[in-house]
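I am attaching a structure below and will ask some questions about it afterwards.
Labels for the chains are A, B, C, D and E, by order of writing; each one numbers its residues from 1.
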Amino acid sequence: MDLSAYIYLSTVLFTIGALVVLLRRNTIIVFMGVELMLNACNLSLITFARMHGNLDGQVYALFVMVVAAAEVVVGLAIIMSIYRARRSASVDDANLLKL
Amino acid sequence: VTELAAYSPTALAAVPVPLSDLPVADFSDTPWWLSLIKAVGIFVYLLLSVLVVIWFERRLIGRMQQRPGPNRFGPIGILQTLADGLKLIMKEDVTPTNADKVMFVLAPLMVGSLAFVSFGIIPMGGEVSMFGHTTPLQLTDTPVATLLVLAVAGVAAYGFVLAGWSSGSTYPLLGGLRSTAQVISYEIAMGLSLVAVFLYAGSMSTSQIVAAQDRWWFAFPLFFSFVVYVITMVGETNRLPFDLAEGEGELGGGFHTEYSSMKFGMFFLGEYINMFTVAGLATTLFLGGYHAPWPIGAINDGMFSEGWWGILWFTLKMWSFIFFYVWLRGSLPRVRYDQFMKLGWKVLIPLSLVWVVAVILMRAADPSIGYFGSGRWPVI
Amino acid sequence: MFQAPQIDYLAILPLIIVFGGGLIGCLLEGFLRREQRVSTQLWLSVATLVAALVALVWVARDNMGITAAGSVTIDGPTLMIQGLILSLSIIGLLAMSERLGGSTPDAFTQAGVSVPGSFEEREAVRLGGTTTEVYPLTLLAVGGMMLFPAANDLLLMFIALEILSLPLYVLSGLARRRRLLSQEASLKYFLLGAFSSAFFLFGAVLLYGYAGSMRLDVIADAIGTETGMDGLLIPGMLLLATGLLFKVGAVPFHNWTPDVYQGAPTPVTGFMAACTKVAAFGAMLRLFYVGLEAARLDWQPVLAVVAAASMIVGAVLTIVQTDLKRILAYSSIAHAGFILTGLVALEQVGASSTMFYLAAYGFMTIPAFALIALVRSAGSEATHISQWSGLGRRAPWLAAAFSFLLLAFAGIPLTSGFTGKFAVFAAAVANDYAWLAVIGVLASAVTAYIYFKVIVTFYFGDTSNDTVVVTPSALTTFAVVTGVLVTLGLGIVPAPVLDLAASAAQFLR
Amino acid sequence: MTDVPWLTILLAVPALGALALVLMPRGFAKAREFALGVSLVTLVLAVVAALQFSVGGGELQLVEEYSWIPQFGVTFALGIDGIALSMILLSVILVPICLIAAWDDVPADGTRRLQGYVAWMLLLEAMMIGVFAATDVFLFYVFFEAMLVPVYFLIGQYGGPDRARAATKFLLYSLLGGLIMLVAVIGLYTVGPGGTDGFLLSNLTGLEIGGVTEKLLFLGFFIAFAIKAPMFPVHTWLPHAATEARPATAVLLVGVLDKVGTFGMLRFCLQMFPEASQWATPVVIVLAVTSIIYGALLAIGQTDMMRLIAFTSISHFGFIVLGIFAMTTVSQTGSTLYMVNHGFTTAALFLIAGMLIARRGSRTIADYGGWQRVTPLIVGTLLISGLSALALPGLNAFVSEFLVIVGTFQRYPAAAIIGATGVILAALYILLWWQKIATGPKPEEIARTTRDMTTREKFVVAPLIAAFLFLGFYPKPVIDLLEPAVTTTLQHVGVTDPAPAVSAEGSEG
Amino acid sequence: MDYHPYLPLLFFFALGLLFAGGSMGAGAVIGQKSYNRAKSEAYECGIQPTPQAAEGGRIPIKFYLTAMLFIIFDVEVLFLYPFAVAFDQVGLFSLLAMLLFLFVVSVPFVYEWSRGGLEWD
């Protein structure tokens, strides 16, 4: 099977994630965009591992998951605190800081 | 500058990747149509088991509570479940106005269909001959089979939370949340209890794990893990005394309050199939799977563990867990939510952690591994 | 067969100490009584950092090498950057602990979980609560920062990036005053930071696809040979650069800087402005000098353009600011450009000048923010320029110190800022990037305008406002005096530090 | 040669004096006396140092060299030739005079204001000595830039109502020039021999740079010096700064500080970039002549006397630059002598005008009239200073202006002739100004309350008048001091004087 | 033809989907239909439903805490599994590394516990 298809898929996923971050306004959704990007990276990692015939990529993917998890935890905490203070999860509502 | 690392840069690269995920059990002689036939077979087996278990549960609890239980349909009421199912189909299918329509339909579909998948990796017997092919009595096996169960369970948890959320009503939401919190809380302890099994079996493949219990059922050396697993398995399936997500005293019906007709039926079905899955897994991981129990297993060099015999032993062991489920339901009251969480986080998880460390050390001390020297370790 | 990696524990002793300190801090946080926490944590943290610094100088220096399965390099630049981070974080930490007469650090919220203006918040104030978690968080961030430039493996670099970032995201949301602003800063920092680290990761992944490993030396070897995936090199490199440039706040990835700097608790701003920059540039040095050196024709022009853009945009946008924290934020963008100017020069001189500039910048930034935290109006920090008007008369020492630091920011001779600028510009000119140096001096002139405008306000402005300068404790005083002395010292006798930077600028490959 | 590091001592005494003043307790009452004492000690030391100087040698004397920042090729190298010595003497003479003149500028109000004022003056003195004595390009640059800070504060903190803007304007102009020069300084090092003393002037003269590089480097330096000098069209900061500054500050600013520009042209532009200097000569000559005429014309039109004096200076600086770039021994000797003379003349004009302003409280010329009878002594000495400014024979400026014009005529007759008209214009602006002040009905109201020159003021004016007369009648010692240095400079440029009768053809370089 | 281990699972899943979908569809088709507005309102034990139900209500912060803690431990388990499976081969170094890892993960757990993060009231 042609493994490069996975690379293209992961690139597409990464791009979608990036677009979500840039275009969506709800912080949770933005955050999910970031997670999508990280998971796209994981997909690539595993594909490359298969391509190169070594295990490094799979190990890397494990670590990326850890980091993603840690990021989720911190992110959720931050989003929670701001949500509790404002009752809104929209990026646009967070507008006290302006140029 | 001192050169320290005598480390070859390609050390990791030298480890070859298995280029296809060859299962541990030998499936090489299994054509795809045979897999399909086995799939249908296991499916039917599960559905029949569900039909029986609901009747069984009600009868048994009836006995425990000094009443007859269902006895109208069929001999000793054995067709009761079938009748209930038909009744459910006839009922009106109400979708609340507040509901998120797509998710509202998707949630029971997820629960109902995903429940089956996990059972696919559970070995129900050794190799048998079917239609001229030699094949294990197991739908499939992968090197990460046990992980697959957890993964599917993880996805299925979405079914509950989505059901609660999409109903657009307070009690289901709370129920969904509770059920999710419950599932993830107990999943950790469950996951930790599995670590000990993997340590001993050296694999996550279910057939491998069963094979590793040739001499000892893991329930004995890993008794603590077994206990934790059994507790968490009850918590995971939202069964009494841990059925807080649908605690009718507090939450109406929990996450499925707004569901009716066969949509509700799917949750119902899912719950029972999940019971079978976790019970089957418990059998596989701790009770030697399809192997015949001790005195019988020893007869004639394990003759009774081979071939179609496996299904018998497996079914018996699995049903003993089902009996245990029912027994619990018949005898224990529902715990409070805080007690439940406290048990999970403050008892099971710390103890499991300590236990994992202990097992690791025990394992390391094993002379066959000999991390602490090859001499026999004073303990065990 | 699995082969256990050899780890030179002496070489990474400073890292072990810092991470260990962070963990102990976490545990103490759980078990100490509320009133004991502040002092215990403060002393534990400072002791940890000092111990790490001592370990660095005495032990790690004699144990340089590539260790931990080739993923950690302890070499001259690593030690220099790590030492810098440790020293900076000591004074940063002292500034963070400023109590201003109360019993708890003044900059941090009573309870991070309480909703601003809620009953819980008032209750926490009454009980004298404070978020002493900042100490372990800071230590962990410092650990990540120290690991960042030491990483010889893109994965470890990514992990270090996250270790340093995650605590900072939290720290920036813990301001005692203007909590909504602070939480917002935290959110922005987090979202953009996570976004950029995803870019970094994808870049690392592409390079892994290119070279078959994330080890920098393997990548370096792969460049120039046909790997069959050569198309991945340049995108990978650019994505990596994106992630790193974000961390240093270079244009066009600078948008978060002013908001976060403004919203975060002021001492934290100082800490992260200084230490994050040091760490991120340290990592950049390693990435570009060790891993991608052979592909420099591809990245040098890009970084040069980024440097130029950072200097120009940073300088121009600084002018229109009226808030001191934002001024320093925009100026940090310009400074990122200056440092990049040294970085693109490549060669040893590029590395040493970059490191020197980082030292200079770090030691002026932390005291600057520490001083900002002392100026109050109606109980909260007065950061608008007009509120500082006439401060030269009411608080001569504060104004003098701050003005001196501003002179250093502007790069006036006899301050470290000048020496640093000279170093990076000299490196750039010597390596055919004279045009960058020209843009650099023009940008300096532009930023000088705003710095002197601030000084004008201090000394020559009218004094009719209710701004007060609170008397700092020994902690802040120490931090500020150290910073000012170092700034002066690096301006007048920079030779030892330049020597140090030059001798340290030898990468182990 | 002596082993005593005279120049370092000269530099250190006022600098330490300034430091001591800052460290004194607040409201130190004897600040003025202390500063005056320090400046007098410096003066004595300078005279002693001058006695060590052997007149007639064109080479650098009293040379000191210490390694400073070897990594940059910087040495702390001091040394003086005749020109530098004369400028240093000018500085150390003017500072005590200014201190006396500024006695009542800042009241001793128990704050640090007074201390700061005199401390800045002393610091400025140290920097001035340093800038003239530096024989290392980098060191020169450091003093050149660092000097801005004391002046900035002297203007901005103690000046007139619009001081803040004036100070900022002054600073930005100078800084911009300085930063452009910085690039040239760096570039110069890269084309030079490099090494640990690559910035030493002696290593940088006689380089065969050539081509565009030399021209660019020359421009880098020249622009900075032109701004400093100040030359048309980059002079616009001067009137503003000189108006807003206190008279004493204005004296140091215009009388000494601006000489750094012309001094730099002589020492750096001509010596290091001979080829480019000759390439640029036509343009510079045109600019110089423009400055002469333009400055004079604007001076005539001024209504504010400080502005008027500032514009006369622009005109005079035109002469100095003209002389320098005419590149004959006579013209350059004239220019260097003019630098000394202009120092005294401007000092007298500013200080005496300052005395008037202190009495009347207005800078507008029209507010005076008939003051000959109010304060005869002041107005009288003003006349003498004015006559000096318009180069009346017998007074100091005459000799130098004459030398410049004669020297220039040898090579650029047209420029000399146009320049000479500046003398006529000078007569106009000085005499018209004096007339407006001195003549007319006696303002009785004012006369009753206004005192003539006080004893302190006499101490200010007397040495200046003495200098006029001395330099007017017997300039020989100074010329002897200057001429060898000028000859050396011209040798470096590779220009010989045109033979009087032969057609102007001197360039052999 | 090669045996692919996940193909049978796909069959199995398809069967499950068919069954679930089929029976749900059958329920929808066969079941009686008598619409009534009150019937399709959110269930509130018979009282009038309050207007804000799902999004408006605050979710107790404990749930978030639990979720966060779960993620941490899930990751821990993620590392434990491969370690456990390969335990015989990885050597003493990995053993000690894993013990260190377990300790490090326990530290925040202890912290959260001691600060009351695990209390459900």
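Here, contacts are C-beta pairs under 8 Å (C-beta built on N, C-alpha and C of every residue); 3 or more make two chains touch, one makes a residue touch a chain.
A quick note: this is a predicted structure, and the numbers were derived from the prediction, not measured.
*Asks:* List the groups of chains still linked by touching once chain C is ignored.
*Replies:* Taking chain C away leaves these connected sets: A, B, E | D.
*Asks:* Could you tell me the least number of steps, going only between chains that touch, from chain A to chain E?
*Replies:* Shortest path length, in steps: 1.
*Asks:* By the contact definition above, name the pair with the higher C-beta contact count: B-E or C-E.
*Replies:* Greater number of contacting C-beta pairs: B-E.
*Asks:* Find the most central chain, measuring centrality by the gap between its CA centroid and the centroid of all protein CA atoms shown.
*Replies:* C
*Asks:* Work out the mean Cα position per chain and let me know which chain is farthest from chain D.
*Replies:* B
*Asks:* Between chain A and chain D, tell me the centre distance in angstrom, where each centre is the average of that chain's C-alpha atoms.
*Replies:* About 65 Å, centre to centre.
*Asks:* At what distance in angstrom does the C-alpha mean of chain D lie from that of chain C?
*Replies:* A distance of 44 Å separates the two centres.
*Asks:* Centroid from C-alpha atoms only, then distance chain A to chain C, rounded to Å. What do you get?
*Replies:* 25
*Asks:* What whole-number Å value describes the gap between the mean CA coordinates of chain B and chain C?
*Replies:* The mean C-alpha positions of chain B and chain C differ by 50 Å.
*Asks:* Hunt down the residues of chain B that sit against at least two other chains at once, touch-wise.
*Replies:* If we look for residues of chain B contacting two or more partner chains, we find 13, 15.
*Asks:* What are the residues of chain C that contact at least two other chains?
*Replies:* Only 2, 5, 113, 212-213 qualify.
*Asks:* Multi-chain contacts in chain A: which residues touch at least two other chains?
*Replies:* If we look for residues of chain A contacting two or more partner chains, we find 52, 54, 56, 70, 77, 84.
*Asks:* Help me check something: in the complex, which residues belonging to chain D touch chain C?
*Replies:* My answer: residues 67-72, 111-112, 141-146, 148-149, 152-153, 156-157, 163-164, 167-168, 171-172, 175-176, 179-180, 182-183, 186-187, 189-190.
*Asks:* Hey, which residues of chain C end up touching chain D in the complex?
*Replies:* The touching residues are 352, 392-393, 396, 407, 410-414, 418-419, 421-423, 425-426, 429-430, 434, 437-438, 441-442, 444-445, 448-449, 452-453, 455-456, 459-461, 493-495, 498-499, 502.
*Asks:* Could you list, by residue number, the parts of chain C that touch chain E in their complex?
*Replies:* Touch residues, chain C against chain E: 1-2, 4-5, 23, 26-27, 29-31, 113.
*Asks:* Across the complex, what residues on chain E touch chain A?
*Replies:* Where chain E meets chain A, its residues are 61, 64, 67-68, 71-72, 74-75, 78-79, 82.
*Asks:* Could you please specify the touching residues of chain A with respect to chain C in the complex?
*Replies:* On the chain A side, the touching residues are 7, 14, 17-18, 21, 27, 30-31, 34, 37-38, 40-41, 44-45, 48, 51-52, 54, 56-57, 60, 63-64, 67, 70-71, 74-75, 77-79, 81-82, 84-86, 91, 94, 96-97, 99.
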